[in-house]
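Shared between the two complexes below is chain A, which has chain B as its partner in the first and chain C in the second.
Coming up: the complex of A and B.
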């Protein structure tokens, strides 16, 4: 172990001191889409190919080809039909794959089907607790066991077609040729039906997961607007989106993530709006994940984000279907995962994290007031303690004399330097916040009282901190709570400590240098090929109507340019047809402006 | 595989505007007052016209060299030696800008806010920023400029508006200040104030089309001229001529005058934010161009290994002048008197030679 450790240190020092040829990297850049109406990832690939010069990256191509053929072969192996016509063989395979009898909740129900004077053995397999027993009894077992005796008029002799067409009335029935498909269905709340003499099984969707029903979202509460939030069920979540977005081009592509967990996910996008290369990139990133278990979109986000080190999130996690819908309508792509009440939406820019779900439903002056407050909240949350430190340590002249005297007299008996004081209070505040989340519900209010007592009165009376600092920390706390995005709140909490250190080192110069470095970091970041500080840097057309401040909803005619969507405009130039009384409406929008 | 970076007119204009206008926070209004007297604003307009003429000539000559930077043009004009010599000239000029500004800004910040901190400590903040900027490259630099320059400009305009009640147009008299000779004859070399236009000719490959370069040049010159004239006008109209020659940091002294009621009387520290931001961006860009020119002049595959050594050199060189005044003397009396040759004459000569060389083989071809 020790030897390995030494080697690592050597390697690190070597890496720091010597230059290494950069790795061949091809970052994803969201390019402009070509023609409307052409779909599928194949088109993007076809466009990319001619750009490559002759003999360029031959090795890379070879590796890619080898990988592709390898993958195809393995996929072909997986998909080769392996269901036997012998029922006993199939039963053996199923028992082995499901570890019978170790798995107590697996039900294998054997039964006989009487079809046209002959009796055929069959069995079905499902997990107790994942299925609706009534559906199994009424729609699958009863028809197969009892109704198959009825004299049904049928011309064909094919048993498979006969059962599918005449005996099984269940509405979601799939014919599958591999055991793996049956197993995947069973794990996702379905049941597999094997019939003797058939090399095909039936996979019926009979799921009824235990879980909560649709409730109000916990983290994105609004006063105006829908009050429904996602649940932990994939289909309920996709249903909530489809309920709002009744667009025939809304696609919900299924994808399985996690080698062992096999968590079902859906990639949602509007086919004739979302950029093909963006959809292909989302698909590529999701398919490339080689992890055993992924339980939540919180984990998934970390696998697919562009810059893991950037504190600010580059993927929007939301539990509001209405928010997902409006982002899909902009040409973005959503990922919904079974078991997670948060959907991920990509790409996002830094202005998206400033918006709340309610902004869309409020009239634009109200939204703009809230956005202004949020910008202030971000600045306060990020910089207020640092600015306080900088002013008290380096720029006293900024403080008006009366206030300066008040601060000095308050700090007179405090033994610590102001930087220690700030750190003490900030860490105490973070402790209270963390304890407040972890503490069991009934004790919660007690914590508030303890926190208020310790942080407030007691600390001041004991001359450990000055009263003005209590105000600073409290306002900072309020600022961080006003940030609408949960992850962004975390980001600014982390960065705040950096700014406190910089301010303690060199006042406003340190803060400015910190802002510059943060700026460099942010402008260099991308979210799924979209520069993170768009539409400001780089400047993009159409993005400003709802970036920092919001223009009236009827004035937001274009989709942001940086989305490179297939359709630029999202509403007519005159979306309020009534303003042009008696005309067909070809003048520019904005009735007030025209008058 | 190298990624081709292309950025828009606004990003490029923001870089050039910041490069030209940072000197407003440093010493430009005083330089203008020294040269033009009470006619500092006329002097500024005069050198601006000269810069516009210079740029118009250069951009017209540049037309056949679309997408080529000055080093490519130098190579066309005088082969490899030409490219290396021009590269070295750019390295030394950008190197001077970076070192001088780093020293002067650090000294000024030390003077205003960090009185007890050692100079090397103050410079460390600049060094960290320029190293990070250089590592991330032009794309990040241009985007950060696009984002920050509007804030810096707004802050600057607020300062100008804040002292509006101190403006006394009587201070602008006599109208021709130090005299026609001083302004129009001796003042002409001061067009070197626009030396930083040179960097636009290094940005051409990133702007792709000649039209973009032309638009960027005129836009950035337009904004810069407005800011420079405004600074000279406000400075000389707020401070009477004799006292305007004594201010070490002109805009800082203007900002000190701002009073918004009884409570907000000392707003100059807020000015430190935009001042430091402009300086950090300026030095980062100059440093990047040093590396860019070095890489291109010596045809290196990568510039990143040069970052740390060059950063150390820049920091070390900035300590060479014995004091703040010495740097200002070199900067104002030498660099801002002669750098017009590098910024305007050198590109014009190179472009003419390159054009002639380009035409020669064509003529030979026609004759055959």
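Coming up: the complex of A and C.
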């Protein structure tokens, strides 16, 4: 047994050390599309597609089509109409599917409809608490039960058409032919109406969920710019996006996720900007998820991201509708989920995690200052404790003598090696941070006092840590809070510990090795077919106007090349028409002459 | 599952490998003793007497006792040893912290040692990776030990800072040369130039009553009274602050010291090498005997060296480009006006010519050592390296002749646009 195991290890080591043919995989590639420049036709002509790519594209489309048709067929089988003309049979099915005696909040209301002399039995089903009772009373029950007696002129005999077009004045009414559709609607705040003698049921949308109203976003606060954040309701969220992006090509595709939870989601994109293969890929990934319950986009993100092990997030989660809108306008795809106040946007690159929503609204010198500070914050949060350790343990000659002597005298009475010191402080800082989130509101201030006392004064006075280290940890903490993306903050907190260990083991050599590994890792990863460090590697045109630093907004003419959007440019070469006298616009020359 | 196992083993190996090194090189700051100055003298019992100043951690300010007199910013160790490295070893036997030289600020040699040749020590310094290549080299006219002790810890709160700043003063006094160790070493090995070191010594005056100008070099310069630069280290009539004085040049031929130059000549040396930044000059007034004109002199352009070889002897042409602001005119003559300013400029030019010629004379006749690096220009006159080597520049330098050309421009008259002699009953004019 033991011997076998040893052999296994040998093999493993061999496997690790020697060359293998790399496994051929077919990763998702964002296919290029022929782009028409909306502004200036010269650009599209200049960039001619290579032929090989074209063929590939065709092939992919074929595969995609075959898959879609295949799926449709299988879905058609599932959705065979199963509503009976007998009301009692339908009632039985519904009672069984909703486990009626057990479910207390399910309401089944039986009533009669008087239609042209005859009385027809009917019932409706909905969940109490998910629906607007007033709408049900006024717009569904009242017309069916009372107003159906009115003398309505109509010539058709079909009861279904008669009811739909004359009796039910409710605005969102669907005719459905399967129980499943009714049930799905009921769970999403609708009500199902069954009528005797019809093999079709009505699904009316009367939802009114208990929930928050639109509030300020909690994580991405800005000073300049809109102050609305997403809420937990899907339609309110898509509404917030539509409110800003009044583009007729904005598509909000519905999709249901979760085999049991059946959480409704929307895929949003602008049809004539977003790359089709990207939209198809998002759809494919979402549809392929075979999980019972998905509650939040935080979970969903983990199902669809490319590299689960990479600490840095490859999907942007944002609470701000305006942010989603501007990213949609770049040709990205957003996913909004019912029950989650965060929308996901894909694909992103590493420069997107540097950006804050405010950058867009500030004049470019201001946002460049902020960008610079953020880069510094990332470096500090990632490397400062490691650099401190490396210098004090390995590279004493690197710092000014006075600083060295100051560190020396501060450390003179500290009994631990500086690695232990750094870990002690970093861990207690993380403790305070975690406790600060969990602590109930009213006793929050206590934590501040404890934190300040323990970390600040007492630890120094007890000679457990040196005062300089307090500064290092404090600055590191500030740096990690200045990173605009919440998940990225986490990523750098984790990586920081890695860098501390590397620095303790081999100083700058270790830090350099760590940075290289991190670089390899990032260069190697993709987010929905877009290389994670583009436009830097691979080099792409047009991405630089708003990558690390931002050029003035009228100068950002191109959508990033790596996005392979259908429209290449987002504004004219000269977008400020007024700077060219006599060109388009108001023609100031003519005006002058008149005067 | 197999993949997971592979990954686990790979991660284990990846973690264990670096752990085997276990912080191999790491040294905590507080386990080290940082030498900030090193002095080398001829020992009584052995080859060398080493004097080390080791920085102490700054006294913690608890209690706030103010001036603790016994609390020195550094500890001084002396040891007699055959070589530098063995000396460090010997000190490590009784110093609690491991001695490290990575923050050394200055190396001081005694002139006795320097006159015997620094070769063996230079090699040790250049090889040791802990020595900083930009540290200055000082030659103490007396002993290095005395020089280091004269950096009085009571007056100099932070010795490391003192050393860092004091050797940078050539930028604004022009009285010490610019010396960096790597350059010193290169010059010592070079075939076309020779190195210089800062001349330093402890002041010989304890109080103002003892002042004299016996050792001043003003007579050599043909002056009636000493100007600010007419001293060698240790002879300046001054008290206060650190007793250590740095003024003048220790001239080397190869690695052997051959002579000393005073502060004034140091200025001309800086002018000729192009390291001059700015300083205040006092020159005799051309129109009024006994009065002086003060200039803030800058180098407007680096000096131009041109070398010819005539009959096998080097002929050196030096062109100096200077400019200056008027700082003070003691006589009150309005040198601001056109005619007079030209007069003053030409007087300054001839003064510089004369003085620099005197300096070049000394390097050629007295020291026979090309400390200005004219050889670098001479190299270009030879077609092959073998010819250059055969010429033996350093030996031929003593036969060199030279011409000095100086351009001087007055740029600004300071805050006074027109001088007027002060109006009083006596016609005696005063400084403006």
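In the analysis below, the second predicted complex is superposed on the first by the 518 of 595 C-alpha atoms of A that agree within 3 Å, B and C clash if a C-alpha of one lies under 4 Å from a C-alpha of the other, contacts with A are read in each partner's own complex, and residues count from 1 in each chain.
Rule of thumb we're sticking to: a contact is a pair of C-beta atoms (placed from the backbone, for glycine too) under 8 Å apart; a residue touches a chain by one contact, two chains touch by 3 or more.
Source: prediction; values computed, not measured.
In the superposed model, A:394 lies in contact with both chain B and chain C. Applying the stated contact rule after C-alpha superposition, one finds that A:12 touches chain C and leaves chain B untouched. Once the two complexes are laid over each other on the shared chain, residue contacts for A:512 go to chain B alone; chain C is not touched. Once the two complexes are laid over each other on the shared chain, residue contacts for A:428 go to neither chain B nor chain C. Touch criterion met: A:531 reaches chain B, while chain C stays clear of it. Within the superposed three-chain model, A:408 lies in touch with chain C and out of touch with chain B [touch as defined at top].
In the superposition on chain A, no contact is made by A:575 with either chain B or chain C. By the touch criterion defined above, A:417 lies against chain C but remains apart from chain B after alignment on the C-alpha atoms of chain A.
Residues common to the contacts of chain A with chain B and with chain C across the two structures: 394, 397, 506-507, 510.
Those residues of chain B whose C-beta lies close enough to touch chain A in the complex are 1, 3, 7-8, 10-11, 109, 113-114, 117, 121-122, 125-126, 128-129, 132-133, 136, 139-140, 142-148, 262-270, 272-273, 276-277, 280-281, 302, 304-305. Chain A contributes residues 19, 21-22, 24-27, 56-57, 391, 394-395, 397-398, 400, 506-513, 515-517, 519-520, 523-524, 531, 533, 536-539 to its touches with chain B in the complex. The touching residues of chain C, when paired with chain A in their complex, are 5-6, 9-10, 13, 18-19, 21-30, 32, 34, 36, 55, 57-60, 100, 102-103, 105, 130, 132, 158, 160-161, 164. Touching chain C in their complex are the following residues of chain A: 8-9, 12-13, 15-16, 392-394, 396-397, 401-402, 404-409, 411-412, 414, 417-419, 502, 504-507, 510.
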